[in-house]
Amino acid sequence: MKYVLAINFKTYKTSYGSSALKIARDADEVAKEYGDLIEVILLPPVTEILRIAGSVTHSNVFAQHVDPVDEGPYTGHVTVEMVKEAGASGVMINHSERRIRLDEISVILGRTRKLGLRTLVCADTPEVAAAVSTLTPDMLAIEPPELIGTGIPVSKARPEVVTGTVSRVRNLNREVLILTGAGITTGDDVAAAIKLGTQGVLVASAVMKAEDPGGVVREMAESITRTLV
Amino acid sequence: MKYVLAINFKTYKTSYGSSALKIARDADEVAKEYGDLIEVILLPPVTEILRIAGSVTHSNVFAQHVDPVDEGPYTGHVTVEMVKEAGASGVMINHSERRIRLDEISVILGRTRKLGLRTLVCADTPEVAAAVSTLTPDMLAIEPPELIGTGIPVSKARPEVVTGTVSRVRNLNREVLILTGAGITTGDDVAAAIKLGTQGVLVASAVMKAEDPGGVVREMAESITRTLV
Amino acid sequence: MKYVLAINFKTYKTSYGSSALKIARDADEVAKEYGDLIEVILLPPVTEILRIAGSVTHSNVFAQHVDPVDEGPYTGHVTVEMVKEAGASGVMINHSERRIRLDEISVILGRTRKLGLRTLVCADTPEVAAAVSTLTPDMLAIEPPELIGTGIPVSKARPEVVTGTVSRVRNLNREVLILTGAGITTGDDVAAAIKLGTQGVLVASAVMKAEDPGGVVREMAESITRTLV
Amino acid sequence: MKYVLAINFKTYKTSYGSSALKIARDADEVAKEYGDLIEVILLPPVTEILRIAGSVTHSNVFAQHVDPVDEGPYTGHVTVEMVKEAGASGVMINHSERRIRLDEISVILGRTRKLGLRTLVCADTPEVAAAVSTLTPDMLAIEPPELIGTGIPVSKARPEVVTGTVSRVRNLNREVLILTGAGITTGDDVAAAIKLGTQGVLVASAVMKAEDPGGVVREMAESITRTLV
């Protein structure tokens, strides 16, 4: 098992075009260096999957969202097939900024499995995380929405949410990787997340709004390494 | 003014990857030949905008949908900025398979105008088309949803919907281009749409599910030309 | 024409049960006294329409929202027929806290018209109000969402939104009553709304969260009367 | 434990007004006679909860849906408090005609628990039912959407969906009552549902569109009784 450093580009000003490409490449450098221990997952906007997936070699690219529709007459939707074709090897769903219905989560997990893509499902509470874990995604991220984007790490502000998730989920599913999200800003926050029993982090603004995004990714990777020594 | 031949790729099996690229290039050939009279608009899935916009030179590329969000923390959304960056010169919104709220239509029209993108708004009835026309999009398409994908052209099955739209809209807005959609399959259907007073067509399955998509586009373009003689 | 004093109960703690009934009866007293000049419209939660419509005689009861569905297999929806059966004589739709799609607005206006109910459609900007007015509702309310519940009246903070709505809408529809909403708190705010050219107000928290809701309604009615002298 | 006979009024023509009241009273007669063994749950539209809850004495009334909002500025929503005030002793959520998000299911279950209302959550597959069961509702109903309203009982057409639900759910939750829904039409269908290991049925059209709704309810109750002998 590798520890996961998942970077959600969201729709920040830096999330597309040349700034997105630079962030992706810098993160890919970190992925190259720390690849024995850490998996870097890049989550660019859907318009950028093709370009970014074609520009990195040590990271994996996931979509930020995908719709629960088949191929067919579904104007304006994004299918699992499409993001796979564009180069994604996985999809994230149910982020707090893009929640979906329970039946849709189940349908998308079925489709991704069939197409060989991996899955990361977000949850806002230990209860929801436990319910999600019964649907056997590859990863889940626990993110209390009220902390997202605040710079206040959940691992510090509400560690019981993280440990509660770990204990509830592990009762039901021993294999799913659990990521900590919301407010993760520094290498120390990442270390705290690992120490609370999770297998990685889901970050966004800390990287996307940083002056030196690549430096932040590197600091986080180093912190994971140190934590595991 | 040019007549518009807008091709909605939807999420058909042919809408992405190499088949999508071939359809786009074949349509672009038609755009090249008939460019004095006809504007070809390609509406690929959002994952394919970058590749297709980079591969055509005589056609315009529009997104099939865009979300009414700014740059910022909006995971899984598609902004106007992103589709512009990817190479789109316009956006379609409010298709019957992706209806949005009235306030969202207004917000998106404001954002596209600011960014210099053109707009195509779909409507299901003459009343809705008239309401949309007061928001001054560049184009609107009248599409009775019950005929979409049937191969039964609205111009034949319900011509009064098309003429009713033209008369209602023209009372309020003399500049918006009006397209006929739903069931448009053959060159004759396109000709009928022009004769009913509209300035083009919005097609999907007739091209995307055809054995020879380029041939269908060519037939439609030729039919427009003949109609205008 | 009567001036309209529309009271949106929302889902405030006072919006149901005995407190709601008392507010409705107190407002009905005002309706009785000022009935030559003012129409009081009560908008209780859907669970309370039956009880409140059965308890007032000088006011009209409208639903706060209704779904665009027919009779049939639509679990958990509220039809126009149902709210009519419960005693409503009209429906409000598209409030900023319950926006709906443009095609749904059109469908609901068609159904209410057929069933003889009146309609009040909310809009957030002059542009949206103008578009709505082409669908010929009986009333529309202009409410900039950012002022709702603030106690800062739109008539004072952004009078140009109100006058802009009046001028845009009157170009398209001379009959629709235009109500001013958002932040309306005192009799003076109501007077200002009338002076800006609208035919009434849509209020909520100023009444529902008041110590003496009936007194607030009375003050507003008196203010309208004085304004018209 | 009692077996459950839950009747979803949906928005059928008979779901409101005098026809709804008659169906409720007839079903209540059955509830009275079979009360030792069977619990009758009536799910009228939200406008009718007050009237029906006030007219029955042996049945329980549940809402067909409730919104995940608090008391406050939530125009057009239905809160748990409101349906309780109107006389409901429980709520159904996530019916296939009114699916909600996973986080909303969790929030509503928390609120209903706090207010002392019971809960019935619908699911379309054994996988979704299992996920729901970890959130500990009082009841869940398994309903393959494609059979709803067909008159083809799931217990006959796809018994493995019912037995698969029972086995998956019982691994996770030994207390939740499991109801069979979709296509349940006759007493035999109800008997089959019981024999497959579920504790009751969720019916709609078979009662609401019957010439003699009370007779159908009686037949179903009798069938449960016979099955248990």
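Going in written order, the chains are labelled A, B, C and D, and every chain counts its residues from 1.
The definition used in the following text is that a contact is a pair of C-beta atoms (placed from the backbone, for glycine too) under 8 Å apart; a residue touches a chain by one contact, two chains touch by 3 or more.
These numbers come from a predicted model, not from an experiment.
Enquirer: Can you check whether subunit A and subunit B touch via the same residue numbers (shared by over half) or via different ones?
Expert: Same residues, largely: of all residue numbers at this interface, over half are found in both copies.
Enquirer: Measure off the straight-line distance from the CA centroid of subunit A to the CA centroid of subunit B, and report it in whole Å.
Expert: Chain centres of subunit A and subunit B, defined by C-alpha means, are spaced 35 Å apart.
Enquirer: Quick check: how many Å separate the C-alpha centres of subunit B and subunit D?
Expert: Inter-chain centre distance comes to 44 Å.
Enquirer: Could you list which residues of subunit C touch at least two other chains?
Expert: Where subunit C meets two or more other chains at a single residue, that happens at 96.
Enquirer: Where do chains touch, given as pairs?
Expert: Every pair of chains in contact is listed here: A-B, A-D, B-C, C-D.
Enquirer: Spell out the part of subunit B that touches subunit C in their complex, as residue ranges.
Expert: Touching subunit C: residues 94, 96, 99-103, 105-106, 123-125, 127-128, 130-132, 134-135, 172 of subunit B.
Enquirer: How about subunit C: which of its residues touch subunit D in the complex?
Expert: Interface residues on the subunit C side: 8, 10-13, 15-17, 45-51, 64-65, 69-79, 81-83, 85-86, 92, 95-98, 148-149, 204-205.
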